[in-house]
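Step one of this worksheet: look at the structure below.
Chains: A, B, C, D and E, in written order; residue numbering restarts at 1 for each.
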Amino acid sequence: MNLSRENWVSLLLLALLLALPYAAIKFGNPFYVTLATRMAILGLAAVGLNIALGLGGLVSFGHAAFFGIGGYVAGILASHAMSMQPLNFGLFTLPGSNQMPTIWLFAMLVGGLLAAAIGTISLRTSGVYFIMITLAFAQMTFYFAISWPAYGGEDGLSILMRNQFPGFNTMVPLNFFLICYGVLVAALILFALIKNSRFGAALQAARQNEVRVASVGIAPFRIRLVAFVLSGMIVALAGALYADLNRFVSPSMLSWHMSGEFIVLIILGGVGRLAGPVAGAMLFVMFEFLLGGLTERWQFFLGLVLLGVVLFARGGLVGLLAGRQRHG
Amino acid sequence: MLLELKGLETFYGASQALFGVELDVAEGEVVALMGRNGMGKTTTIRSIMALTPAKSGSVRFGGKEIRTMAPYKIARLGLGLVPEGRRCFSNLTVAENLIAAARPGRWNIAEINRLFPRLAERRDQMAKTLSGGEQQMLAIGRALMTNPSLLILDEATEGLAPVIRNDIWAVIRTLKAEGQSILIVDKTLSELLPCADRCFVLEKGATVWRGKPEQLTPEIQDRYLGV
Amino acid sequence: MVEAILDIKDLRKSFGALKATDGVTLDLRPGEIHALIGPNGAGKSTLIHQIAGTLKPDTGDIHFLGERVNHLGVAERARKGLGRSFQVSSLAPEFSALRNVMLAVQSKQGSSFRFFKPVMHDKSLTEPAMAALERVGLKDRANVPAAELSHGERRQLEIAIALALDSKAFLLDEPMAGMGPEGSRQLTAFLDGLRQEAPILLVEHDMDAVFALADRISVLVYGRIIASGSVDDIRNDPEVRRAYLGDPA
Amino acid sequence: MQTALFIEQLLNGLQLGVMLFLMAAGLTLIFGVMGLINLAHGSLYMVGAFACATVAAYTGSFWLGLIASLAAAAAAGAIIEILVIRRLYERDHLDQVLATFALILVFSEGTRWLFGSFPLYLDIPPLLQGTVPLPGGSRYQLYRLAIIGVGVAVAVGLFLLITRTRLGMRIRAGESDREMIGALGVDIRTLYTIVFALGAALAGLAGAMVGALQSVQVGMGEPALILAFVVIVIGGIGSIRGALVGAVIVGVVDTMGRFLLPQIFGLFMNASQAGIVGGALASMLIYIVMAVVLAVRPQGLFPAAKG
Amino acid sequence: DPIKVGVITTLSGGGAGLGVDARDGFLLALKNAGDAAKDIEVVVEDDGQKPELAVQIADKMIQSDQVDILTGIIWSNLAMAVVPSAVAQDKFYLSVNAGPSPLAGSQCHANYFNVAYQNDNFHEAMGQYANETYKKTVIMAPNYPAGTDSLTGFKRYYKQELAGEIYTQVGQTDYAAEIAQIRASGADSLFIFLPGGMGISFMKQYAQSGVEIPVIGPGFSFSQDVLPAIGDAALGVKNSASWSQDVDNEASKKFVETFQAEYGRLPSIYAAQAYDTGSLIVSAAGKASVKDADAFRTALKAAEFESVRGKFSFNTNNHPIQDIYVREVIKDGDVLTNKIIATAFTDHGDAYAEQCALK
């Protein structure tokens, strides 16, 4: 398979992201490793959302719910591992864990289950109603987390020691970056495969014309539900990593701003494009950081930049670099 | 000339659809625009209304250059469009569809109801629940409500039952008899030709033939229209 | 008598006070073209919608291949072999003509829950789709997005999709609409051959085509079938002439 | 005593509902009629409140402030419509979400730039201060009754405008097919600017009226925005009647939840626990109601006819 | 030796007023210190009231700017996100406001100094005051940890009858339902903890409702930053604080004067606390090098600076021991402000010190 322009752009962006932390260390500014890790994790979350939103046209304004749930799974398992007290579910108990693979598995499991539940109800609606019902579910989890005292409520929950990954010292920022980067690349490969697969074809067609898909014999609901669940799982995984990055989880991970930010990342980078979310995350984190350092009014300028992108750079960054999308 | 097109070239994005269309309609005349599928009839009409503005060439209406004017201004000059595919306002009732388009003149709701009694029966029904034929009547009625000096009909009899098709042709003939100028695209040649004063034929986005209907020999029909 | 492929019994559907389908009984037998004609607003499309599953009838039965399908959704009926075209073209606009057809091939082959193999490199999808496009004469336009096809081409594409589904019966809602004389002639010839593969329930206002093609004609007026029979029966039925055909011009 | 309190709380719920309707009216107008998701509605609400507070502080008159709030919000609405929103009608909801999200940032930070970080003072006008007696002995605030009055007037006015006037029909026609209404000779561009400015003015009016009861500060628009969305989604987007019903449902459910849930939990827990658990559930209650409504009626309670 | 201080505070979003005051107060302290502060370099960044942004900025300040001391955070949830990891990396953290209980108790740390108060302190003071003054209080706070802590703190000292315990929603803007409940409760006093905009909204609506049960509460909702917005509705409210602008000492007078001259407004308690934090750093810097962590820690703990609060010292858990006053909102000419009317506690520490392992 020869590489299209879009694939070149994707590879270039990934190489850039990989180079950033090494350059940072070389030039004695280790903080950029953290920044790059943040880009990778937010990019991962946006890749997850991109499955539902970019391919399926499901504009979810509630993916923060999955992000936060992933984070809380990490935080709760870690805190129980720390205190050596098993989690009690009434019928059975579960030991805590500070091993990332275990935590990821649970984060994805819980995220997936939640997505299945939310999706089953939400996917009955469409358009603006879908946007709002997903928001409603996310708000429910948000208020629940704020007022549920067991794991810190609004004050959040600290993870004192970053969770471990076999064979790596995760406290070394570069190692943790590499783990996140690896997960991101895996998710991107998954996204690319899905996009070009039969499932992806059905999903994308359902976005364009639901009736047409049904009348060739493919039930859009099931296709969308699976996409929604997959999407939720990846975002939950991103949430777990994010918790480890900050060594802290709080309800703000569940807030509607977070959901909005994911959407912003995708549009900034290019909707439905493979590398769109990564490009968006890199750009957004950069803006936030640089503008934040320059002026107290950075949100004002961030707003102007975003406006400029929507109005004049349709197709986002990847669209600018790789030209318009062609659907084979 | 009421309407006069010269050297019209129109693009959809990068792909060119019209390559120098020539066309004119005189006051009180019925002009037929013909051609096979995909030859640019609809695009020509969209360019007249500036819905897809032409890149070059000229569109003069009543002596005024309108190629790059805003569509609503063109419409106000007296062009009434019945678009391909009807495009009724689906979330409005029949009556509301008509009222929304109304401009003062001979045509008003009562006149439309007289012309299409079927619409009177359905006046409070949502346009999206009308049958195809009912929608077509509504689209014609709506264009008449603007009291146009030139009525443009793009496939106005498509999908209609023979009885109603006859009715609509009768309406068109009535309008013609009243001196209404009409530019018409239609596939029913048996009805169209007797009604038209002049014909233009498009092929691959350019005018390839023009003349009176009686000059449209079977050879020409076969060559350009595939009849 | 041969077993009917599609069998509709006493179907009823009202919108408020309007009886759009008022006790319709009709069937579709192997190898035939059964034309359904009637004035605008008679309820033809509404009937097609109910058969295809996009609308739920109030009462009545729909049997397809001997099985009652009332409770099945659109997608399930399509998989059983009900292929349809829409009165107003309904396609995936961003997809090329080819990918629109491939979607049907993929559905026909079974699961859409395959996540890894790229479709464009899957000959088992592209080849049948190409073949279907070729049959309707759209081969040259295979890579053009559906949104950029002209009106007539989109109608052809709809037929190609129904073909690719390998349907056991076709429900065609005004396939001739918008086609020029040449296109209509080609399509008429094409449908003529198609009936051998699967019977067709044809809704059409183009009487030349209907009279040329139909084995049987049913006439629907105000939701009721007022006449049913051979081409000649219908052509000469005074009631039909009054309600539908009008006096020959 | 409990029944009197119960009735008073019902009335509070009703009044909160009408207040929510006031916030939602402009949103549902723009959202339903023009098909545009305007997250910046909350910002226009804030503009109204700030304009009212500033002018009221300068002139000492709430009423001049109220006029200023209408003018300022309408002007802000017209400006953003011309500069930004106009390019978004043809786009999908996604671009609208992002662009108006960006507008929130610009408005919030811009307002802080102009007015500083501290909340402003705005009080209800002397004319509407005080309470009126209710049957049953308790008293109700005059100002809140005035809000109910304004809310109902806005509802009726909007309903008539949209359904009965030619202007309303043309706006709705534009929502269904913008190109076509233009081709029929209607200057839909200008029309939309006017409608957007009208929606913005309603947001500003709500901001000013509600601002007198609340804290006038940067960020005040966001909770209002989310609630307004909940309201119109429950009611059915684009339906004025739906928005009113949705608002009353949300208002009553929210108020009664806050009032009753802790008491219900109090039957089998200590007061402090019950307050916490009941409060937690109460804060989720309207979202639960919204999810249930949409699960049962995916188009809201009064689905507006849409294409 | 030069000292680098990173100030992370909220300069944008709804809570920006508090952060702006804290920053201004802190910078003023350094300015007033003159030459004594010339080696202190400050970087300020906005956390937007988002915990994850605060963490990111903390990481950046530690890794890139290589600060020695962090400070500035207003909100408990942000403090919980930043402080544990900052002190684990051997940085000093000095709190200008937030004082969540875990950091005073089980998670206390030798490098964490709270120069403001422990979160419960002001509520405890109001509990103490109410205990002496009223018989039947209804208490109200938002339903989140700071809110529940607040009511817990109040009840720790209030032993009379409770007429009700109301939890509101975080960010709630309409209080008609709660006011109806309060009116019906038959209480003789109302204790509220409603920070920020919530307090403004409540007080306006409460005054308009005509209910006349006296209000008491911690100083946050009646501080200089919000009083203008509440207006006359706040008059007469009794509230608790460790500082008020009429505290009678030289440091405070100088602070209020210079603050007004510099920024053209009256300082709030956040500004005062941040001012003290700045002064504390200056005093410690005069005694020890920040590179010598042990010496610097000792210098901080000695707390030998001119506090605007008069006396100030650190408890074993590095939280303040201080007096807490009861103030009343009054009108001074045209300006609303607070006047001290009583002292609720003298030399008051906090309830969590014994859970702290520090000695």
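Couple of notes before you dig in:
One rule holds for everything that comes next: contacts are C-beta pairs under 8 Å (C-beta built on N, C-alpha and C of every residue); 3 or more make two chains touch, one makes a residue touch a chain.
What you see is a predicted model; the values in this text were computed from it and never measured.
Of all chains in the assembly, none touches chain B and also chain D. If you compare B-C with A-D, the chain pair joined by more contacting C-beta pairs is A-D.
If you average the CA atoms of chain C and of chain D, the two centres end up 48 Å from each other.
In this assembly, the C-alpha centroid of chain C lies 74 Å from the C-alpha centroid of chain E.
Distance from the chain A centre to the chain E centre is 36 Å, each centre being the mean of its Cα atoms.
With centres defined as mean CA coordinates, chain B is found 51 Å away from chain A. The multi-chain contact residues of chain E, meaning those touching 2 or more other chains, are 11-12, 143, 148, 169-170. Along chain B, no residue makes contact with two or more other chains.
Looking at chain D, residues 108-109, 112, 276, 279-280, 283 sit in touch with two or more other chains. According to the touch criterion at the top of this document, the contacting chain pairs are A-C, A-D, A-E, B-C, B-D, D-E.
Residues 12, 15, 36-38, 42, 84-85, 118, 129-134, 136, 155, 158-166, 169, 187, 189-191, 225-227 of chain B are the ones that touch chain C when the two sit in their complex. Residues of chain B touching chain D in their complex: 49, 51, 70-72, 75-76, 80-81, 83, 87, 89-92, 96-97, 99-103, 126, 128, 142-143, 146. Residue ranges on chain E touching chain D, taken from their complex, read 11-14, 16-17, 19-20, 143, 148, 151, 162, 164-171, 173-174, 176-178, 180-181, 184, 196-201, 204-205, 208-210, 225-226, 228-231, 233. Taken together, the chain A residues at the contact with chain E in this complex read 29-32, 34-35, 38, 143, 146-147, 149, 152-156, 158, 160, 242, 246-248, 250, 252-253, 257, 288-289, 292-293, 296-299. Those residues of chain C that touch chain B in the shared complex are 15, 37-42, 45, 87-88, 148-153, 174, 177-185, 205, 207, 243-246, 249.
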